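Labels A, B, C and D are assigned to the chains in the order they are written; within every chain, residues are numbered from 1.
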Amino acid sequence: MTALTPTTGAAPGAAPTARKAPARRHPYLAALRTPRGLTGLALVALIVLGGLLAPLLSGHDPTAQSGLGLAAPGTNGHPLGTDDLGRDLLSRVLYGIRTDLGVIALAVPLGALLGCLFALLAAAHPVADTAVQRVFDLILAFPGLILALAVTAVLGPGRLPVILVIALAEIPVFGRQLRGGILVQREREYVVAARVGGTSRSRALVRHILPNAADPLVVQLALSLTVAVFLEGAMSFLGVGVRPPEPTLGSVLNQSMPYLADAPQFAAGPLLAVTALVLGLSLVADALNREIRR
Amino acid sequence: MTTTPSSTLASERAARTDAELLEVRDLSVEFTGSDGRPVQAVRDVSFTLRRGETLAIVGESGSGKSTTAFAVARMLPGSGRVTGGSVLLDGEDLVTADERRLRTVRGARIGMIFQDPMTSLNPVLTAGRHLDEVLRAHGYGDRAARRARAAELLGLVGIPDPERRLDDHPHRFSGGQRQRILIAMALAGEPDVLIADEPTTALDATVQDQILNLLTDLNRRTGTALVLISHNMGVVARTCARVLVMYGGSVVEDGPTDRVLTRPRHPYTAGLLAAVPRLSAPSGTRLTGIPGSPPDPARPTEGCAFAERCAFAEDGCRAARPRLVTLDDGVRAACPPAAARTEPLSGPAAPERIDRPAPGSTVLAAENIRKVYRGRGLTGRTKGFTALDGVSLTLAAGETLGIVGESGSGKSTLARVLAHAHPSDGGTLRLHGQDITRPSRAALREVRRAVQMVFQDPYASLNPRMTVGQIVAEPLISLGLGDRRAREQRVAELLRQVGLDPSAAARHPRAFSGGQRQRIGIARALAPEPTVLICDEPVSALDVSLQAGIVNLLGDLQRDLGLALVFIAHDLAVVRQVSHRIAVMHNGRIVETGSADEVCENPRDPYARALLAAAPEPVPVAPHERPASSAVPA
Amino acid sequence: MTDPMTEPYLSPSPHPSRRSTLRATGVGALLLGSVLTGCRSAVSASSYRAEDDSGPRRGGTVSVAINSDFTPSLLFSQSSQPLQNRLLFNTLTRFDDALKPHPELATSWTYAKDGRSITLRLRNDVTYHDGRRFTADDVIFAVRNLQDPQHAAQLRATAAAITGFEKRGDHELVLKLAHPVTNLFDLFEFMIIPDRHTVAQAVTGKTLNGTGPFRLKKWSPGSSLSLTRNDRYFRPGRPYLDAVELRVIPQAEALISSLRSGQSQLSFQVPGKSIRTVRDNPDLVVTTYDTGAGASYLGVNTTIAPFDDKTVRQALAWSVDRERILKQSLGGYGLASAAPWPKSSPAYTEANRTHYTYDPAKARRLLKSAGHSRLTAPLLHLNSPESTAIAEAVQYDLQQAGVRVTLQPTDPATAQKKLISQDMPALWTMDHGFAQVQPATLAVSAYPFNEAKNTSKYRSEHYTKVVREAWTAAGAGTARQHALEQRVSDVLLDEAFIIDLVVQGSVQVASSKLRGATLNKFLYLNLDDAYLV
Amino acid sequence: MRSYLLKRLPSALLVLLLASFLIFGILRLVPGDPASALAGPDADAATVAAIRERLGLNEPLVAQYGSWIGGLVSGDLGPSYVIGGDTADLITGGLGATVELTLGALLFTVLLGTAFGVLGATSRSRWVRTVVRVATTGALSVPPFVTGVLLVLVFSVAVRVLPSGGRVPLLEAPDLSVQYLLLPSLCLALPSAAVLGRYLKDGIERTLGEEYVRTATAAGVPPRRLLWRHALPNALPPVVTVLGMQIGQLLGGAVLVEAIFAWPGLGQLAEQGLVRRDYPVVQDLLLLLVTVFVLVQLLTDLVYAWLDPRIRWE
């Protein structure tokens, strides 16, 4: 059976501790110093470094083809082997990370920014609020991958549609969260206090409401990055991803799918990278979430 | 889920009538602090409880009183754990009992009631289901029998029309009724002990009165022993025969309530009693407090925890933790000097008059103010709630206007309307004779400079992200007062003015205690040099020993700055002491106004009279009014 | 309702005890195990007992895995999915591997001496699925139907050459031709003979009334095309099979899984590079048809400088490593060839095939001689994994020769539109068909090669002349005809506006229990003689 | 309830109207048109023009939009342009499949999500909690298309217990149908189940810390009842909102999963329709998906209200 002694709730006697303890670190930093946060951060750092240092780590051009064809790890100085066109797999994975990072690091913040702008608009006036909410509904109601197909068909292939699709998908995610946060924070007593103290509406928003409503957004940012990795992969899967031959984690993984049964090492590299990245980001999100909710 | 049939319980009960029902020996409890280190919340607490006895555990926040109560039922939250001692219930040690055994004890032998009836009932279960769950857990009859019993229990705790109300959800009951349901739940398993953790703290005085009556009545009628946890000496005085005073995790004094109240032996008990505002204290007198702040359990001291704040402390007090010593009249105190002392400690001090100037001309006037909150139900039906219904008042320079009322009376709404935090829906507001009901942008700035507000909750009203300096400087920046340097100087000056060190400016609010935070809130309100300060329950979230500091600070500031104060509170005694005039609010209206002493001594309005009657005073009550004393029923 | 999975011919699986144990554990782990154990298994229902081939036997259902659905609106043109055509319908004649026609609905035929008319004698024992008798009027209708531009048949040019019909009774017909055409039997191989009364419903997929060995049971768009045996089929005792099910499995891995798991018994759409995963499977037999499924080519827009220069185009032709593309992008199934012709084509010669080989040095030399050292160009390709792999390989090879190429993955509809409207960028890779039949058909019917109007916007009087001569010469298979066809090849190879890369053979992956499945030259599946052992 | 629905109706209709503009607009922006898809690779411009005329693609956009909406309102969706057959038949055919898949996935989502949430929040065994955490994180960190291919390899190829793809309608042969349904719905459900599990775990942990649970504990209510009767009903409302969003995700994710498992559902149809520019099919289908999403949102709100008596009675 399950244990059911209540597990949360602060120790009543411990309340004064925090009060007199030396000024605490910023909660985000504290979160990242937990075992969970550290593990996540290490995983993310590993992958990000791999991507950033791709030119140094791999001695091969990720698009250079050779007559090798699909080759096993270790062949001719290819640590992970080569893909079906004889390209070095390690460098494809590393450069794939690089591409992915380039895409998601641009797309997710862009989506977050737009979502936040929409949320601010919603906070401004009830009519705007209704309109913004309908826009969110609309974006959420569209199946993402169909949207991806359509956007790519209109704009042509490349990074731009991938970035746009991911950003678009993230708009309501962040927008709804921030809107909710603003509505909650707006009623908080310290906001009323600031208003009574003469703080203007806009200053109250910037100085008081937003900083306190932003915590869940930071968690969401980490989670959305993982979603973006998947969305990029799914778009590659449907043939509407980043322009080949530039590798992405999704496209390398896709290319490996026909060989999954016979040459699993082909899929192992990109899969490991995707999993490590996503796992790391979720751990970071988890750690932040726990710290913020304390 | 095995439950001991009630027949067995009954026989056990019959077999041991004369022994100690509950015996707590050297109980110690630890929590894990936020930094991972153990924090000792309770150390070496011992007490006994006999059948039918009433015992109060009194202390301020952090004293370990609630923790002790939870530890008895092994209900410690979070990382809490018993690190030593034993809890013997009819000789059986609950500290070593397993979860399964504990479940047969909880509810059936020990019932518990909690502080907040709003959150202690499950919002999705009906009152009937709440009781049914408990009855079911203790194997009580079939469905129909349980329902009948549930209705009976609701009737027992004084809910009218119990059969019909069984199917109502908690949000359909008032706060007092919810507390009654909780009591019914605690009684459903016919326990031998009822532990009530601050059962009336969240309730209004009149309701508190009813609940306390119910508890004492039940104690008399069912013979259930009562352990009452409270910070309120008044509540203790009228409810319990014996009292245990806790400070810093230890018991400092223990004895029959009347003796402890009349002649406290421990300096802390004495200080606590002195700090409680008395209704009898006239307007314009100073409150007494205890200097310093409560100890930090994470950093225990070697000796007596109270030594730092104790006027009688000797060197020996700081060397070793004093043990409880039985004194001559059955009172035990953990204070070595007290044993040697023969003369009583100074009791409630004689009220000290404040030297304050007479009020000047009218600063702020409100006429016929109305405020209606629009209902926002799921159905969209706008069922408005009238929070203020034609309120008129005036406030003169240097005057303190006390506003008292129970929750929902509209006093907080009035505060916010006066401070222009919420717009009013009708009526006129005048500042220095000028209509400021709907001020222009420029006029509003002037209003903000002149009218400032201090909030109830010192935790919620300070932005956790900003430093104290930023918080206090915020109104200066917003109103464009002074440059950066001037603001820094002003912040330092303000912090000094409210009794804080200017170095506090660099720290975040979380580094401060409740009392200190309230001072920060006051400093912020004073920043633009207002002429009117609206204080919405400024001390009700604070411990009694700290209330005096804040209230006296406000008095001093009024004297020094000529402030007009609106002082809102639910505690009549405090309001009387600080106010020139008092307005009693009820259902959005002012039902009575007059000079403070007049209203408190000769209330005309029936509601004001009820409010006065319900206020508990920390004075011993005649034995016949109090429940069964330590005498064991034969 | 008879479900194909529950036909009475099904036999229990060879190792029932082990099978059911595994099923119990595997499914049980998936939470719903308790519901399923003891029920029929969807997996074993599709498998057959392996036994010695003791000759054809009646019965059984064959499930054919197809990667795109039957498209009724494209019934009369060469669609991506023509497998069902010869199952539901018949054609007039049928080619053998040497492109010699054999009787189907037409029992015999006689060309007029001048090649300007042909007399067809038709079977008189054929009825449509609805019971109506097949007559010469149905053939007339079928030809006229293909002349209708709305049906967009690729052999419309050939059909349009038929200018008159002379009916001699119900089962003899003379077709008058405007001029001799060498590829008339390509038309007869291509043209299905539908029921003229229901053709309007046929193009919406509601009724598919033909004379073929199977009749339509149900078309579930996006899912499957279910066919059952036509008991009135004109070939006695045929077909052997009771039913055929064409199951749409767009995703290559899923399609292969369905073959490997025995859920499907036949497919022609296993991508070349995935064939290695089924080749070693003892339950599956891989058969290659060298008469191709088409050919991959690199198209060049001859109106965009510098590709208007023949030398530059030839340099491109020298720079691609066809053997590598064949091996790496297509799994080795096909024929690296500079010319469009498969081995079975009359126009095939080894010299044509190896006219261009992999010679990057020569390519660079040619480019230099044309005055270029570095070129950049966009290259359009379909966004499917197979096409992308070819495009990537081409891109890399061109880059080695000094032509930097940007890939433009494009969805099929957009590519199609660009193809038709001649909006292709400088370079593109795609597949073309029509090289597997009479060589003249390629130049008159395959759009990339069309002399009058093609995607490369290549026009020359010489090309037009040789094509028309080759098309309108009387009599196929003669030495003169061969010579004319070689002249077409010479122009194609020399001008290099379409640079052929690999002639792909159709690859049939079939269950080892299925025998006798064949394809015609237009990839119509013929299961007349197919049976399950 | 009814007044609530009436209140929500205008905004729901507004979303549908906006969606119809968007769908119609995007489709016309996408290059390539149904006529050239129909005409085939060897058609000339005249052929394409003839087909355009026949399909009414030469009419002004407003007229095209009007006839689309007019058709929708009158209930006649008309024939599909390229795929063949009536649009209504195509959509109802795919709808059945997608509804089956989504319901199957929903079932898995709820079952697995509940298991993840409840075990993760309450299991006493550190081992069990670790397994749950690894499972949820795993379900979230392996891309669905990899999960799908892996599932097929394991359960259809290595151990032939389940079919690799395809569908038998549930009403035709339920026992077979379930086997076809198992892998795709599992594949579709895994990420959603993990998300749901997380929210549920958080919710249960939160409600178990609530004071009413403490009240019930103190009254001797046994742990199992505490969990299922006291904590869970209170943890549910936010989870229901998440579940509502997840249904949207499931519908969207169906495109991928349907491709992997050859499931002839709306996702496939939508992709096919879009790839072939079959305007009527794509337009009606996308609008249908938006409608479903809007309805699910409404339903979520209603369930939310139903779960929380405080809102129910107001």
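Following the convention adopted for this analysis, contacts are C-beta pairs under 8 Å (C-beta built on N, C-alpha and C of every residue); 3 or more make two chains touch, one makes a residue touch a chain.
All figures in this text were calculated on a predicted structure; none of them were measured in a lab.
With every chain reduced to the mean of its CA atoms, the largest distance from chain D is reached by B. Counting contacting C-beta pairs between every two chains, the top pair is C-D. Chain A and chain C have Cα centroids separated by 44 Å. The centroid of the Cα atoms in chain B and the matching centroid in chain C are 86 Å apart. Centre-to-centre, using mean CA coordinates, chain B is 51 Å away from chain D.
Shared interface positions of chain A, i.e. residues touching 2 or more other chains, are given as 3, 5-9, 149, 153, 254, 257, 260-261. Touching two or more other chains at once are residues 253, 411, 413-414 of chain C.
The multi-chain contact residues of chain B, meaning those touching 2 or more other chains, are 77, 99. Those residues of chain D lying in contact with chain B across their complex are 3-4, 7, 209-225, 229-230, 233-234, 305, 307-314.
Interface residues of chain B facing chain D in the complex, by the touch rule stated above, are 1, 3, 73, 75, 77, 99, 103-108, 110-112, 114, 116, 119-125, 130, 133-134, 136-138, 169, 171-172, 182, 185-186, 188-189, 375, 377-381.
For chain D in complex with chain C, the touching residues are 30-33, 36-48, 50-51, 54, 79, 81-86, 89-90, 93-94, 97, 108, 111-112, 149, 152-153, 155-157, 159-168, 172-173, 175-176, 178-180, 182, 186, 259-262, 264-265, 268-269, 272, 275-277.
Taken together, the chain A residues at the contact with chain D in this complex read 1-9, 130, 133-135, 137-138, 140-146, 149-150, 153-154, 226, 229-230, 233-234, 237-238, 250, 253-254, 257, 260-261, 267, 271, 274-275, 278-279, 282-283. Those residues of chain D that touch chain A in the shared complex are 11, 14-15, 18-19, 22, 26-27, 29-32, 118, 122-124, 137, 140-146, 149-150, 153, 157, 205-206, 208-209, 213-214, 217, 223-224, 226-227, 245, 248, 251-256, 259, 267, 270-271, 274-275, 286, 289-290, 293-294, 297.
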